[in-house]
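To start, the structure under review is shown below, and the notes come after it.
As written, the chain order gives the labels A, B, C and D, with residue 1 at the start of each chain.
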Amino acid sequence: MSVAERILSRAVNEITPGSIVNLGIGLPSRIMHYLPDDFDVQIHSENGILGAWKQAAPEAMDPFLIDAAGAYVSLGQGASLFDSAVSFAIIRRARLDLTMIGAFEVDSAGNLANWKIPGKFSPGIGGAMELAQKTRRIVVLTNHTDKYGKPKILHTCRLPLTAKACVSRIITDLAVIDVTGDGLVVREKLVDISDAELQEKTEAELNFATGEGPHDTA
Amino acid sequence: MKKNQTIEQAIAAIPSGARVMIGGFGNPGTPFSLIHELLRQGQTGLTLIKNDANEAGHGISKLIENGQVSRLITTHIGLNKRAIDLMNQGQLDIEFHPQGILAEKIRTAGAGSFGFLTDIGLDSEITRPEDLLDWQGQTYKVEMALSADFALLHAAEADWLGNLVYRGSAINFSPLMAMAADHVIVETPSLAAPGHFRPEHIHTPGAFVDSVVSLAQLTSDYGIIDHHVRR
Amino acid sequence: MSVAERILSRAVNEITPGSIVNLGIGLPSRIMHYLPDDFDVQIHSENGILGAWKQAAPEAMDPFLIDAAGAYVSLGQGASLFDSAVSFAIIRRARLDLTMIGAFEVDSAGNLANWKIPGKFSPGIGGAMELAQKTRRIVVLTNHTDKYGKPKILHTCRLPLTAKACVSRIITDLAVIDVTGDGLVVREKLVDISDAELQEKTEAELNFATGEGPHDTA
Amino acid sequence: MKKNQTIEQAIAAIPSGARVMIGGFGNPGTPFSLIHELLRQGQTGLTLIKNDANEAGHGISKLIENGQVSRLITTHIGLNKRAIDLMNQGQLDIEFHPQGILAEKIRTAGAGSFGFLTDIGLDSEITRPEDLLDWQGQTYKVEMALSADFALLHAAEADWLGNLVYRGSAINFSPLMAMAADHVIVETPSLAAPGHFRPEHIHTPGAFVDSVVSLAQLTSDYGIIDHHVRR
């Protein structure tokens, strides 16, 4: 199982039946393919879709119907289509139950940085700021460390923030970590790794939950 | 009143230096034919307002690459490396807004208002001190309305009165831009006589539309982008 | 011909083919019935209609389709229906060519008062303020004097204003009067009345156009 | 997720003292059945937000006449002499706004914004000095967003997910109120399974709707008002 597959396999469990969910561009958007075909969820896409679903069959692909990631999605039963102002009204009115989103950095206060690396990468913030600031629950999907092996879970983000104190949970290739009033709490490990090893790959201080298995206090 | 025009007539109304909104999020809703005519006529010094810059070699990227655009107001150009390069080289002035804020700035102009109060990005680096307003005990960011001289839109169907129906994810910014621009030009592959639509199904009432261009066919620009198909 | 019929018969000529027109509650809303059935106009009604037309035939009346005056209108070919925010966006974006509206008072600067008589009548302003302030051309339809014979066309309105300097033309049962940079100019008389008599029924100073017949410089 | 509820359940969620938006311009769009249940359950001290007060003895006027309403935020009550009398007697507190401004205040809340800048009524008696804002060299009136705890709406058709389709002139304030209220209750005589509507035809996406009440039939309240028929 690849690193991405490990994250996605775990992340898919975050989606509860009957919920409205936005899946960010990149890794999060691939979660859809881990859901059973008949799963009761409405995927919101910020370009104006509620009820986006898996890529359409080749003969059914519609060049006038993509999601925000550019995929030629199909529509679930009961889907609706609307303009960008209504789409972001849904976001800003906190009608989304969950957004899964990528990160450059995330920190122990739940701050998120995922849109800009000054001097290197600044293609615009798109819909990320409003999603991060206004969704009831934000789950970050990210590799635990960057390609140089440096921690992405920091004591305090150094890059420009997307939104402050917005993240509830971080799912990496190594662990599931909740942002709580008492700092970061490791809820699950997704690989065989000691507490000390996990802490070493993490700049922020980690607390290790005493109980076993998934448990969410965020 | 029939609003039909030829594509040449319709685009000839746009002078160099104009401020032009262009519908579309990625391909869907992008009025490729109107853009192509603007490329052919060659107006310069344009300020474009569009969600994204399309992809290199496509849509408004052609106008940018052809040097007709001096300024782009947008939300995200991550899929267009040419536009990013031109921005980084200082050859294209880009103003970014959060996507829903751009939509709302346009819609605010479209509603005949002048600005709105928001908390989006209030304490982020996109907010300057002079954008902040203390009002009735709270602090807000003031986002000013964004209007334009022209809007170029694609509608799946239209009638002579300018009533528009969009399809799929091609709605996106178009109804907002139709409200916000002083002169609205629409292309459609399906032009009908008034009475064709159920009145409740019309997305943009004809009152907002000035010029309707009938397209004989849709070029390959409007088709599936192969590298976005997941194999 | 009644006083109302005289005003309406003249007022109907204000509607030019191809235009978008709002007809205020009361007298103005009755103009519709003076238009030929095939006339090329789109009647805007602020409750969310573009293309409202004459009262539906009894068997076609729809209890879910009224205009802002409460009439069970029919819809013309190419009519559209929309919410109140879009309806007033059409108004505030000055997409209406003409609004015909009633008045308690109108004055030589084109100020209009038609919504409130302090202490006597204040049922709310409805859509009048936005129509008056934002329509490209406002034509007032009113009896020349009130029921006590007192002038309604004043030097300066005394009632709370609906909007300032908004009126282009006043059509009364006696005359057609334009609001111009040089004050009020009488364009037509609708009855056999001398200049002096007309002035006597008018508080504001009237200028009498030298030419004959309809002529609009507003 | 099925949002179907009985009318008793749906209305029981409303406590006394709640702030309740009610759709409708005159009769069309007025949710007479939901209003009747609110009358039956008897919650008091309500603040209602509706375009008008319906006519005496009808719609929200019943709630007003029954003493359940302490405050009404509206645009025009000229067709309801009872409401005017209660206002003049000081028994009903009424706040008036220009119609499009009321719509826009509601829509502003619905868009998750906090206020907007306008020039409507800027120099009229409806504007107090403390409403004025000097901003970037211009003077605007600040209109604050208007939200509510509940919205009661009538839809011509709905599905279990809360997707709504309105008909005729019954659209009016309903899509705006659906966005602006924290808890949105809809009555419909035509409840369908998801998939019944073309996605482009849906006026209010289900994301905004919390509770859908299926009406077995429409009472005479919803019918033609005889004195509005021109003979």
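Quick note on the criterion: a contact is a pair of C-beta atoms (placed from the backbone, for glycine too) under 8 Å apart; a residue touches a chain by one contact, two chains touch by 3 or more.
What you see is a predicted model; the values in this text were computed from it and never measured.
Between subunit A and subunit C, the least number of touching-chain steps is 2. Farthest chain from subunit C, judged by C-alpha centroids: A. Once the centre of each chain is set as its mean CA position, subunit C and subunit D turn out to be 29 Å apart. Subunit B and subunit D have centres, each the mean of its CA atoms, that are 32 Å apart. Distance from the subunit A centre to the subunit D centre is 36 Å, each centre being the mean of its Cα atoms. Residue positions 104, 107, 111-113, 119, 167-168, 171, 200, 203 of subunit B each touch two or more of the other chains.
Shown for subunit C are the residues in touch with two or more other chains, namely 81-82, 85, 88-89, 91-92, 134. Counting only pairs that meet the touch rule, the chains in contact are A-B, A-D, B-C, B-D, C-D.
By the touch criterion given at the top, residues 1, 110-113, 159-161, 163, 179, 193-195, 197, 199-200, 202, 205-208 of subunit B touch subunit C in their complex.
Put simply, subunit D touches subunit C in their complex at residues 25-29, 51, 74-79, 84, 94, 96-101, 103-104, 106-107, 119-121, 123-126, 156, 167-176, 203, 222-225, 228-230. For subunit C in complex with subunit D, the residues that touch the partner chain are 45-49, 55, 58, 61-68, 70-72, 81-85, 87-89, 91-92, 122-130, 133-134, 160-164.
Listing the residues of subunit C that touch subunit B in their complex gives 17-18, 20, 40, 42, 44, 50-51, 75-82, 85-86, 88-96, 134. Residue ranges on subunit D touching subunit B, taken from their complex, read 104, 107-108, 111-119, 133, 135-136, 138, 140, 142, 144-145, 165-168, 171, 200-201, 203.
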